[in-house]
Amino acid sequence: MHIRVILPIIGDSLIDHVRSEVAEWAAPDTKVDAVVLERGTASIESEYDEALAAPGILDQIARAAEDDVDAVFISCFGDPGVHAAREIIDAPVVGGFEPAVLTALSLGEHVGIITVLPNVLPMLRSLARRYAIQDRIGTMRVIDMPVLGLEDRDLLLQRLEEQAVDAITSGEADVIVLGCTGMLGVAAELQERLAAAGMKVPVVDPTGAAVTWLESCVRLGVTPSRTTYLPPPAKDRSA
Amino acid sequence: MHIRVILPIIGDSLIDHVRSEVAEWAAPDTKVDAVVLERGTASIESEYDEALAAPGILDQIARAAEDDVDAVFISCFGDPGVHAAREIIDAPVVGGFEPAVLTALSLGEHVGIITVLPNVLPMLRSLARRYAIQDRIGTMRVIDMPVLGLEDRDLLLQRLEEQAVDAITSGEADVIVLGCTGMLGVAAELQERLAAAGMKVPVVDPTGAAVTWLESCVRLGVTPSRTTYLPPPAKDRSA
Amino acid sequence: MHIRVILPIIGDSLIDHVRSEVAEWAAPDTKVDAVVLERGTASIESEYDEALAAPGILDQIARAAEDDVDAVFISCFGDPGVHAAREIIDAPVVGGFEPAVLTALSLGEHVGIITVLPNVLPMLRSLARRYAIQDRIGTMRVIDMPVLGLEDRDLLLQRLEEQAVDAITSGEADVIVLGCTGMLGVAAELQERLAAAGMKVPVVDPTGAAVTWLESCVRLGVTPSRTTYLPPPAKDRSA
Amino acid sequence: MHIRVILPIIGDSLIDHVRSEVAEWAAPDTKVDAVVLERGTASIESEYDEALAAPGILDQIARAAEDDVDAVFISCFGDPGVHAAREIIDAPVVGGFEPAVLTALSLGEHVGIITVLPNVLPMLRSLARRYAIQDRIGTMRVIDMPVLGLEDRDLLLQRLEEQAVDAITSGEADVIVLGCTGMLGVAAELQERLAAAGMKVPVVDPTGAAVTWLESCVRLGVTPSRTTYLPPPAKDRSA
Amino acid sequence: MHIRVILPIIGDSLIDHVRSEVAEWAAPDTKVDAVVLERGTASIESEYDEALAAPGILDQIARAAEDDVDAVFISCFGDPGVHAAREIIDAPVVGGFEPAVLTALSLGEHVGIITVLPNVLPMLRSLARRYAIQDRIGTMRVIDMPVLGLEDRDLLLQRLEEQAVDAITSGEADVIVLGCTGMLGVAAELQERLAAAGMKVPVVDPTGAAVTWLESCVRLGVTPSRTTYLPPPAKDRSA
Amino acid sequence: MHIRVILPIIGDSLIDHVRSEVAEWAAPDTKVDAVVLERGTASIESEYDEALAAPGILDQIARAAEDDVDAVFISCFGDPGVHAAREIIDAPVVGGFEPAVLTALSLGEHVGIITVLPNVLPMLRSLARRYAIQDRIGTMRVIDMPVLGLEDRDLLLQRLEEQAVDAITSGEADVIVLGCTGMLGVAAELQERLAAAGMKVPVVDPTGAAVTWLESCVRLGVTPSRTTYLPPPAKDRSA
């Protein structure tokens, strides 16, 4: 199986980290490769960034279709370009939000999403309503760190733990979902810290959830429905 | 008052028609000008088209902000780029969906939207859920004509009437909203035809609803909330 | 265009203030006149008051229909008699709630309504559910001042600011709607005070929203749907 | 126990029938008396009628409070004046909709309401949304007979059976609620006819449901909550 | 009328108390008897307990059907076995949740449920969603006492009062429902204490609500719908 | 990885088929074993059957916990015993409904579930509401074949195709979920038949979805949340 990771940003400083992280979650026989955008933004933290990233993502989706990959992971929790992508490729495509949150639904009643900045909260709440699963989202919170500052692992874990503990003890969250695909490699440790503090609450890593989700879809032999994702009519496009 | 119309397509064959139509709905002292995109697609009939159009729309939003316009109408029923736009301009911005449907809510219980092609239905239903007003949408239907074929006014009116009559008599719609801003200048006649057939049901023109909505917002002195539409953080963007 | 304002109370001490305020929001060529009730209550602050006011409101609606006005504003945030009125007049009719809240939906994610007394909160929440827009209402709060005590402008603004600041900083409101049509002439100043305190959040005046809403409807050529608002069958009525 | 029935219409031609029907549903030791309105309409078939009836209903509620009755049944399926009434009397008050529909919820998944005229459907759907139980209402239908024509028992039963059979066989209703308190004395026979046709589906009589509901509330010692139904502040009222 | 109470636990130490309490709520001419389970658990405080209790409950339902009782009360607030029971008996069956909460809906806007342990909260919230009435539940809270510790009446009342006062003053509850059928004989006193503290808020006893609910259903002549509760097909069963 | 399949019925005639089917979906290095119940019913087609099966399922869950399996699949689309099971084992547990339907949500807008008999529809709709995902379920339909008659593969496929085609062409379903885990080995062929008929719509096999779901959860290192699924307090249990 061949999974293509589209890191929907410009600049390739993060790409090796992301690819190796994805590969770690993937099954042994899954081939993983990763690409960045030729046009887009340095990170996605607003509707504005999402909109600017979309054409570059779709360029890469078209290439993935040509390369006949089995599945595509657009590595961003805002699911940028995901629905447009499904219109033009016959393979499962997910971002970070959908697989992580849907997985979480099978683990506890209310999902608590912890993301980076307040800027993205309205966007994530819009996604929850769009997907009609908002009644199961107990809280959405931020650690107030920009995507490009997440490499400070200690601070990241400390802030995540603070928010997770508060969300759990106030009864707002039964499952924690890391709300940014840039929060790499911390889910297990956060889960352990919570357990050590007496809170046996699962923590879902969005990258891991996306990779296993895509592998499941490929093994199930399913691709996007063509009654929801109709192929775009031919026309002049110069975007 | 100065309203800028962004026709979110490439090619300017429609721009005069749109500008004059908008001007007709506008108040006498409202200045209306219209622009098209420098990058985008020939029409918007899919999530794919919307995604490709968004950066070109945001180019024009930035220009509108520089030009200090009072309000912006992105003339497409799918509300493309609307939420991203609100992040970067201190003036009311609407597409076609939101003002038409919200206006319709004050006229009858269930709104019936009649749009062009099946391709856009999932997108419009996603908007309705995103805006959390889906319980008042009684039906969404299509006339099965592409945006660029709407100039056949007789056929357009005939198809609209067929769908409207069916929606009303089956109890699915109490107000009709024309679901494409390319359906110019037919709302009043459709309303008359329905009345002549014994159905006194209002028909909302999305262009008219958008223009009057923006004028209202300007007169009310309101602009997008900065707790929902936070200004995007500065970063490298090459989209 | 001729808009009739029905101030749904007995006693005409407020009528000049209301009429001039409405006229200020109205377009230059809109004629505004205002009437009070011949039977009703001194103010509306309960379901009980609303029920007692309704027949007097409908008397005035009948007169407005005879006078062939173009639109009617029932100047009360509880929308008293609005739905009954739409059954008997072929012109747009709104109260204060519907146009203000629907306008607010286009400005931010969650609407915060600040009204007078706790007595009216259940009534307003019932309206929100009736209109099926409750998921976008983030909070409803009171300043604990009766309608007939709102003339103390300083206190009114102080209390509104307290509630608005608290609603915004706690993340419950992105747009403020003044929840009583008796809160005249304070929206702009409240908006400025919030901006000065670092909260760029729009404040919607219900009187202004109603007037511009009605003007929009008249310009759009739409009137209440006769499949939702069926004409009442003839019968003996001695109310 | 003393239950007061308020028949919310003018003219007393129906009062004996209603009182005896209520008495039949009541427990042996329940005292039942019935009154009509001094001001109101001949029947209630629109928001307009409801609005005109409300002050006359509240007159009778005030009298019921003076008479220290234990509970009040406002005998109309549109629940006219019910919420205003609860603000001014310390005794349970119901109309026809609430007890019948809530009772039905314990008998099957989806409730089918069969009422008189299309005019009242939007009003009943508004009630269902206001009470936030709309997701359990499978269908609302009409027999197209006015309230004052229901005395043709054969025709009434035939029309009810037609609608009930259609609602059940199409999977829209698991429980039938008679949607007009003027449909007296036919629930049992309708239920038998349906059973004879192979549909073991309960039929809820709104008068019976209201009477037993009120008796239950009195026996439970509960009255309207004063945090929802606050006493109206004193003021000038001349309605 | 003959009501059978199924106390869905093993061991009969509580049965006399429950039977006499039920008898006190019942009408004078209602015969009440009570049974416990031959297989089950000592109390129900988890999904696990509910699952283990269900077959024993259904044994007793089968016996109740043979005994031709008129109605069955499964005396537990989690409604264990209720829906399965309705499939196999032609008589009204309720647990504690449904009648108490539906009764409460007619008394105030938001229901506050106060139950025993955190363990049962997800189960009760699942019931509320299953019944599609969750939007009217303002809060669910616990007193942190196990079912088998409720005999300490003073402590029980003190804890209930604490939670009720907090729920009411924070605006989360307008009606209190006791969320465990083991909280016997305290509703009236709790209601008095709240009134003495200035909160005229009704308190619904789930046992009383269930008994009067069942009596009402019997008097109304209604039994479970056979389109929702279809009789189970014959097959090998050795549970 | 070790997945235990609990076939929640008595009698082992189906167990080999189920085990081999599960093994086929599983990853190469996943160990699969399967057990049946020692007490229960021959198939599950009602709430009654579910209730009777639950204790036998929980017996097997306890054994699975002792055997330290990594995950448990309760092979029935009604998710019997799933929530109780999660309270007593520290490993992911799913039935057929949850993983199949959640997987489907990522493939198209509206899910169409095709199950066996009308008896189970209310139960499945209750699950959808309980999980708060009902707004994405477009239709639930039956093929009117009992679970124990599904071995007629031709008839099964024909009936499934009929229902699927009708659901898709009427716009009610964009993704098909097979609504019975007894419908083994037909998803791929149904999907092909639909594609051959011009409907490129994914078909989700509930067994495959459950197995890959569990494998994903194990790889993600997540287990049931202990704030939703609290361990049952110790007590006397003789069920």
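Every chain is named by a letter (A, B, C, D, E and F) in the order it is written, and numbering of its residues begins at 1.
Methods note: a residue touches a chain if its C-beta (ideal position, glycine included) is under 8 Å from a C-beta of that chain, and two chains touch if they have at least 3 such contacts.
Predicted model, so just to flag it, every value in this text is computed and none were measured.
Engineer: Looking only at residue numbers at the subunit C/subunit D interface, is the share used by both copies over half or under half? Answer same or different.
Structural biologist: Comparing the two copies, subunit C and subunit D contact each other through largely the same residue numbers, since over half are shared.
Engineer: By residue number, over half of the contact pairs should agree; on that basis which option among A-F, A-B or C-D is the same interface as D-E?
Structural biologist: Comparing residue numbers across A-F, A-B or C-D, the repeat of D-E turns out to be A-F.
Engineer: Taking each chain's centre as the mean of its CA atoms, which one is farthest from the centre of subunit D?
Structural biologist: Checked the centroid distances; the maximum from subunit D is A.
Engineer: Can you work out the whole-Å distance between the CA centroids of subunit C and subunit E?
Structural biologist: 43
Engineer: Report, in whole Å, the distance between the mean C-alpha point of subunit A and the mean C-alpha point of subunit D.
Structural biologist: 52
Engineer: Got the subunit A residues that touch at least 2 other chains?
Structural biologist: In subunit A, residues 109, 122, 126, 129, 132, 135, 174, 228-229 touch at least two other chains, as defined above.
Engineer: Which residues of subunit B touch subunit C once you look at their complex with the stated criterion?
Structural biologist: For subunit B paired with subunit C, touching residues are 25, 27, 92, 94, 98-99, 102-103, 105-110, 131-133, 135-136, 168, 171, 174-175, 187-188, 191, 199-205, 208-209, 212-213, 215-217, 219-229.
Engineer: Quick check: in the complex, which residue numbers of subunit A touch subunit B?
Structural biologist: It is residues 10-11, 39-43, 45-58, 81, 83-84, 86-88, 117-119, 122-123, 126, 129-130, 132, 146, 148, 228-230, 232-233, 235-239 of subunit A that touch subunit B.
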